[in-house]
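The structure that follows is given in the form of structure tokens.
We just call them A, B, C, D and E in the order they show up, numbering each chain from 1.
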Amino acid sequence: MLPLISIVLATLLAGTVATFLSGTKARWTALATSLAFLAEVAVLFVRYPGWPGYTGAGIPGFAEGESYAWIHLSWLQINYTVGVDGISLVLILLTAILQVATVIYSWGEERRPSAYFGLVLLTCLGCFGVFVALDILLFFLFWEAVLVPMFFLIGFWGGPRRRYAALKFFVYTHVASIVMLVGLLALVFYSGATSFDFSAVDAAARGLTGVVQAFLFLALFFGFGVKFPIVPFHTWLPDAHVEAPTGASVLLAGLLLKLGGYGLIRWAVEVLPSGLHTDQPILFAVAFLSIVWGSVLSLSQRDLKRMVAYSSINHMGIVLLAIALGSSLGLLAAVLLMFAHGIVSGLLFMSAGSVHHTFGTRDIPNLGGITPRTPALSTMIMVGSLASLGLPALISFPAEFTALLATYNGLGYWVFVPLAILVVTAAFYLWMMQRMLFGPEKGVPSDARDLPWYEGVGMGILVAATVVFGILPALLVDVIVSSPVKGFPGT
Amino acid sequence: MDVASFVLPFLPEVVLLAATLLIFLLDVLHVRRTEIVGALAVAGAAVALLLVVADLRFAPLASLATLPAGRIDAVGSPTALFAFTSLGLVFQGVFLIATLLVSLASVSRPSDERGAPIFFGLLLLATLGMLLVTVAADLIFLLLAVELTSISTYLLVAYTRRDPRSLEAAMKFYIIGALSTTLSFFGASLLYGAYGTTNLYAIRLAAGPVGFPVLVLLGYGFLIAGLAFKATLVPFHAWAVDVYDGAPTDVTAFLAGGSKKVGLFAFFLVFLAPILFVRTVGGGSPFTGAAVGLGPVFQLTLGVLAVLTMTVGNVLALLQKEMKRMLAYSSISQAGYMLIGITVGTAPAIAGATLQIFAHVFMKGAAFLVVGGVAALGIGPLVDDYRGLGTRRPLLSVAFALMLLSLAGVPLTIGFVSKFVLFSAAVQAQGFFVWLAVAGLLNSALSVFYYARVLKVMFFDPAPAAPADRGAVVGASGPSILPAGGLGYGRAVAIGLSAALIVLVGLYPQPVLGAIQLAAQHFVATGA
Amino acid sequence: MVAAFAIVGLAGTRLKRLEWGGWVAVAFSGAALVVGVLIGAGEMLDPGRYTVVQYTWLHLGPAPGVFPNGVSLVVGTLVDPISALMLLVVTVVGFLVMLYSIGYMHHDRGLPRYYAELSLFLAAMSGLVLANNLLEFFLFWELVGVCSYFLIGFYYEKPSAASAAKEAFLVTRVGDVMFLLGIFLYFSRYALAGPAGLGGWAANGFVFTNGNQPFLASSMGGNSTLLTVAGIMILGGAAGKSAQFPLHVWLPDAMEGPTTVSALIHAATMVAAGVYLLAVTSLFLGFTSLDQLVIVAIGGFTTFFAATMAVVHPDIKRVIAYSTISQLGYMVLAVGAGFAMVGLFHLFTHAFFKALLFLAAGSVIHAVGTQDLFKMGGLRKPMRVTAAAFAIGGLALAGIPPFAGFWSKDDILGSLYSELGTHPAYWPFFLLAFAAVFLTAYYIFRAWFLAFSGDGPRDPTLPHAHEGPWVMQVPLVVLSALAVGSGLLIFWPNFDTLLLNGAGAAGIPPVFGTSDLLLSAASVILAAGGIALAWRLWGNGRVFVLAPTSAVAPVRTLLLNRYYFKVGYDWIGTRAVYTVARAADFVDQFVIDGTVHGFERMFAGLSERLRRIQSGLVSDYAAYVVAGLLAVFVLLLLVAPYLIATVGGK
Amino acid sequence: MILEELAFLVLAAVAVVTAISSLLVRELVHTILWIAVFFVDLSAIYFLLEAPFLGVLQLGVYAGAVTVLLLFGIMVTRKRIFSREAATGIGAVPLALAVVTFIFLVASVGEFPQGPTVIHAYDPSFLSENLFNVNGPWLLLLGLIMLSAVGGAIYLVREGRE
Amino acid sequence: MTDLPIVGFVALSAALLAIGVFGILTRRNFILLLIAIEISMNAAILNFVYFGAYLGGTPGLTGQSIAVVLVGFAATEVAVGLGIVLALNRVKGTINVEKATELRF
């Protein structure tokens, strides 16, 4: 059998190295790599045999499984084990789309393009790895591998407070990773799993008592949660976003936050269902807090990027809520939401970046009526905002609808909290559009030009994805539901 | 006694001794050029290393369980002064690698330095002491071997004899070292009084209630203090920072990469038996009246020391402005991690600690070599002096960054693997030890602060206006041989080799880890 | 069918870059008109046909809990009497407005955007009408909302327009949220009650059945808390869209958009969607009696409440806007009382005469360039067609027979009256609605007299008025005809059957054209009285000035300030919410981040203090060693044995 | 035997007093005198413990070589031999640390037989067999240490010409 | 054959160690520090000697052997210390450890 995932990893690795080495031609190398990656992901999709209800041979429940011995000690059985299921496949698609869009969007990067594009590719490589890894160490390795390039991207190409932001980002997520690692290790050793493989851990974890599961789940939840980010461990996010270069912001919001969600699903929810059940109240509380907090804080932001960043907290709060429900409907919603948020927030961050270098500021009250001068940019902002506030026919709608439906299914009238927050979400996007896009022209430099072609194309890709998957969400949903999550009643 | 059968097992040691004597002979003959003497030292260390590796290689590790007679894993005897363990062999390898790297880098020292033979001779003698520690089965033999290392390193620190900083460092090193030696021997004397022997194996055999619980505990307490000096555990660490700072940087590399590990291995040897063969202190402690096992008492005490060490080391490193002192504090905190291995006392933990020690040679030892090289480029000792190094010296900076990332435990580096194995072993042991792992992990998170700061300074901050590159080599007049961008080839090779190993072992640790694991298993199974 | 139409509409949006783009849009809307008329006529000629086409959009799998049978979301179309009726309204008014726009908008910038958005709106509105399930309904519902948002903000350079657009979106959003919750509630009830034998959701999805009885109301025994809440939630959605009290504030402000948009979206179609939603819900799902009372209350109150505000307003468009709210109140009232088809009939007629009024007003605005009634005057002579059209529209609105409004409004009042016996609680709202008849007649003719009667404009700076081009006049004429004739359709048996079929068997059979004669007479007299009062006060160019000391002056101020609702909402929307947001921001920056930085400082301080122990004096170091030694002794001899003895083992 | 016990007590007292005096006197040369007495006193204790070989060694190495070495050190580092050391306080903390150390150590006395016990004398030939054969490696190590010390110390002390 | 109470020796060696430790902590002259170290070293040697004397047999012999080795070691250590003292004196002109605090913090 063709080791497709390894081939993809190799492609990305080779592409990354080549990009680092190719100097000023780096953008071409990066683009070629990204397109190859996209094509390979397409092949992954085509070959994915589980439409729906996949139960494959090899690694149960996963397609394209590969497993080679890596570190075999008497008490540690660590393998290079990879594979995909519906959940990871959708997020891999997100990775590929965002990578292509980011590379194209950043076409005009002049400062050390080889390093910049190399780091971008490295980030995506790490994310891809996280999504395919089915071994705890491998997973953790990729998980951490994402941090380093992102640290450099923020710290070198970022805004004025980039050093502070980079450090904050690194330290926050690193601490979380550590707690997560302890949780994962404890998971292996307390369950007595025979190896670090997902399937082994999953099987062994069934034997854990409820209390142990609950504690392990909490540790894992904290570890993954900071990446989400959950309130009150979220303050790294706005700073990181505001200071990060646009490309990094896109990857940060689009992919890095999803790592938290994916990790929580794969390594906590699936493995420790009764832990989830016990800790559900905590998760709900945190989720509601994040939803309300992120949204209310978005209202008070003047900086466009900061506003979008806080709205990410809000959206990821809904993801957490959906995951916490512990139903397969909720998980479907969570994955769908992550995909949607990845695309849409990418679009919004790109818009914010373009606003910044077109007008020299992202301060919303200092801008006004930019539409006549920069119609394309304004359109992108509008599409992004509308998608973000859940307009039907755009990708967020089916996702949010499913999430709310799942919330209602699990929590009944509590669904009114996220529902009501939808109004607040609408409020800040509308306020932003009113101030920035409409009204009399203000703060527009005389030499302001509309989007350069590459930024337009980069955003265009995301707009296309927003619309296509918004109208045909079944493309994603059918894949996701093909991976029934073990451990839930009724599935 | 059959001379051959006595000497053959000590072939690496003999080779080192021969090289040392040859170097001193050359000194007497006024052949003192650094490259000649250095090459000799490198050759000696390399041959010894090859012999050790060959020993490891040819003794089929997989079949170690069957206890082959000969060099490896002879069960200790109540009378023998030394016993060869495969873990000791692994440590010999580690020590020789450290020596090899340092001597390789030191070949790039000024070629007409008068003391070159002394430098390399002392280096090899110190190494010899370290090698002998690994085979010790007797407390006095062990302590004397440690002293051989200590005395040699006191003098190595004072090696730049015109430098007041160097001498001040040597003075402090000496006084604290001598005090610790006294404490160690005093502890040994108490144990001798309690057990009637100083043989570690014999002490282990004296399982069961002991007649002198307080004496035993006091004896071990003195030993903890004495050995903790060598291993730089808090609060016995204070000398280390000043000494690492004041010593010639290459010597610092040796101290951090090599000689402090002696203390840790001594901990392994001395404390494994009491920890593993949990012994009831007869009649109970006179202070509490409760009969308790010796093992848990030691584990708790060492655990506290481990946590204290890593925390204090890291906290103090946070605000440190000088590169060497920062690395010194970091080195102290790393000792805390390593101590977890013996505290937990299981084979996985010992293996993890051993790997951590192995890794530390490449991370910290090589990092000091980089600092030495950077100083030779005329760049100042402060962290802030490294501004813009990333653009001016990309390769060197990347290598340094790799070492720092590895120290921070970032994945894909050897430092990650070692911490991973170590902490997973602690988690595996469950109970109290999980908290050790948590403390260790939180500490490594804390450590990220200052490592990241260096990275930030190197890569993000702009270079100072007038780059002082290719400045005069500090503290020496002559040109260095084989300049590799001002570093010297020897140093460049040592740094490059370390960086490469950091990544390679980080990616695929199985060969190294497999060997260490078997050795650790065996070590734990057969005891000291 | 609707899919094809939507695609055509969307494709149209991309073609509008050229000068003749408007005509392309007209052509497409013409095509839509043909389709709409065909469907409508087909339904009328053969009343009672139900055509369902549906596809599964999303299969979400089963969810233990509320949805054990699985969740399957479908898209599809349902052509039945009411959707046919509604589609007819949408396409007819849509086409006419599109045509009118050619003239009305020709001097505006950004026309491609205008036509694109308008086309998109038409497509979405048709989709909404034809949707065969609540989810799809909601999908298009949101889409029309967005189109409305963009069209209100068409003159986005004007801050007031941008603000109005935002306000409209936000207020309807509040309704949407309730609507969504209502959907969930119905979904869950359906899913639980849905007989597994029918395949439940997995097989059918949640669709409007074509059966003759509201499924839920019957299966739930017509009453349950959940159903009540669901009904209220649906009402909330409808109130948002149809600008019912208390979510009415956005509609008058929405007049910032072009008048054509006001005519199409904010009079004839989109705002009526709320009523349509209520009707559909009452027909297919059913309301509980408590729901009905609430709906009646909201509708009845809004009817009167909005009319009072229309009485004093100087802006011609806003007067009509308040009138729209008021008329929508009638429809809600009817639907709430159980006469869904009566409400829809009023919707049908209202769409035409209200569009007519708006287009006529637009014609006036186009001619004089202002919306202030007190600046106009004497426009009767230069603008005969417009004046006549406005008058016809006004008469229809006032409910003077035989104009369309009479028949439908009379039906509403009559039906409600017939219910009073069984539901005495409806009395106050009936009276309010009845009183509103008088107000309606008064304010619309006040507007007419102010604009058209007299000798000339009160503001001499106004440009010389003239009729618009033919493209503007044709729609006026056509709509005038419809304003007269659409009410008379009630006497066509087929149409009557269509309405009856739409109502199904569950509701009380509506009493089309058979209301109490006495009641009809009373309402006509009331309306006539209103007109008379208007003539008395404003006729022939008179201007009635209310003395500031008059007892009703405060009332007038209250009305002009729209009962201070807007002020209050603005306060909540900006002051209160933003204060909370700022406070939260403060907490975020200084409490949460402050804690983090506090830790940082703590470690830094610790580091700084601990650093001091590294004194450089070797004796101190020796002291540390000895102290450490003693500490080890303490640990070994005292602490560890104690701990191990008490805590036990590890 | 009461005489030996008395002798021990006297010798022990002398040891303690000389040790303290050697550290506390301010005249460095007097320190050397006191420490010499201390070494001789310890040698006497070794004789009392019937370890004459050690006693002689103590006399030779400590009372002889080490004392001379220390005196040499003082002479080289002092311009005038009879210079006085600046007064240094006793210090509460060091005193406390020392006393606590003492207390901890004395705490173990309860584990020993309280009365007089037999003292074993050893034949020096057995001692040499034990020292040079069985435990020969110790001496080997000592030799290596001396090699290192000599090589390094000479390098340090030698006037450098660099 | 003589009999002596062992506790006296225990106390003596403890006292000597304490005195040595006290000296190390309080003295500032390097040579005095060396002396203090030697005093405590002698305490350790004394331990080996009297434990050996009480143990008897081969174990006892071992103790005395250790004492012999330690005496030699202590002398070597003093030599090394003196080497450092002299070098320090040459460079700094003082052997007061209080004057050698350049490396700190």
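Operating definition for what follows: a residue touches a chain if its C-beta (ideal position, glycine included) is under 8 Å from a C-beta of that chain, and two chains touch if they have at least 3 such contacts.
Predicted, not measured: the structure shown is a model, and the values here were computed from it.
Common neighbours of chain D and chain E (chains touching each): B, C. The set of chains touching chain A and also touching chain E is given as B, C. The fewest steps needed to get from chain C to chain D, moving only between touching chains, is 1. Farthest from chain E, judged by the mean position of CA atoms in each chain, is C.
Core chain by CA centroid proximity to the global CA centroid: A.
For chain A, the chain whose average C-alpha position is most distant is D. Annotation: 26 Å between the Cα-based centres of chain B and chain E.
Inter-chain centre distance (chain A to chain D, centres taken as mean C-alpha positions): 71 Å.
Chain A and chain C have CA centres that are 35 Å apart.
Between chain B and chain D, the centres computed from C-alpha atoms are 32 Å apart.
Residue positions 611, 614, 616, 618, 622-623, 626-627, 629, 633, 637 of chain C each touch two or more of the other chains. Among all residues of chain A, none touch two or more other chains. The set of chain D residues that touch two or more partner chains comprises 93-94, 97-98, 101, 104-105, 107-108, 112, 134-135, 138, 142, 145, 149, 152-153, 156. Of all possible chain pairings, those that touch are A-B, A-C, B-C, B-D, B-E, C-D, C-E, D-E.
If you check the complex, the residues on chain D that touch chain B are 104-105, 107-108, 110-112, 134-135, 137-138, 141-142, 144-145, 147-149, 151-153, 155-156, 160-162. Across the complex, chain C is touched by residues 171-172, 175-176, 179-180, 183, 214, 217-218, 220-222, 224-225, 228-229, 234-236, 238-239, 241-242, 285, 287-288, 290, 292-293, 296-301, 304-305, 312, 315-320, 431-433, 446 of chain B. In the complex of the two chains, the chain C residues touching chain D come out as 623, 626-627, 629-630, 633, 637. Interface residues of chain C facing chain B in the complex, by the touch rule stated above, are 603-604, 606-608, 610-611, 613-614, 616, 618, 620-622, 624-625, 627-629, 631-633, 635-645, 649-650. Contact residues on chain A toward chain C in their complex (touch as defined above): 231-232, 234-235, 293, 296-297, 299-301, 327-330, 332, 369, 371-372, 386, 390-393, 397-398, 401-402, 404-406, 408-410, 415-416, 419-420, 422-424, 426-427, 430-431, 433-434, 437-441, 473-474, 477-478, 481, 488-491.
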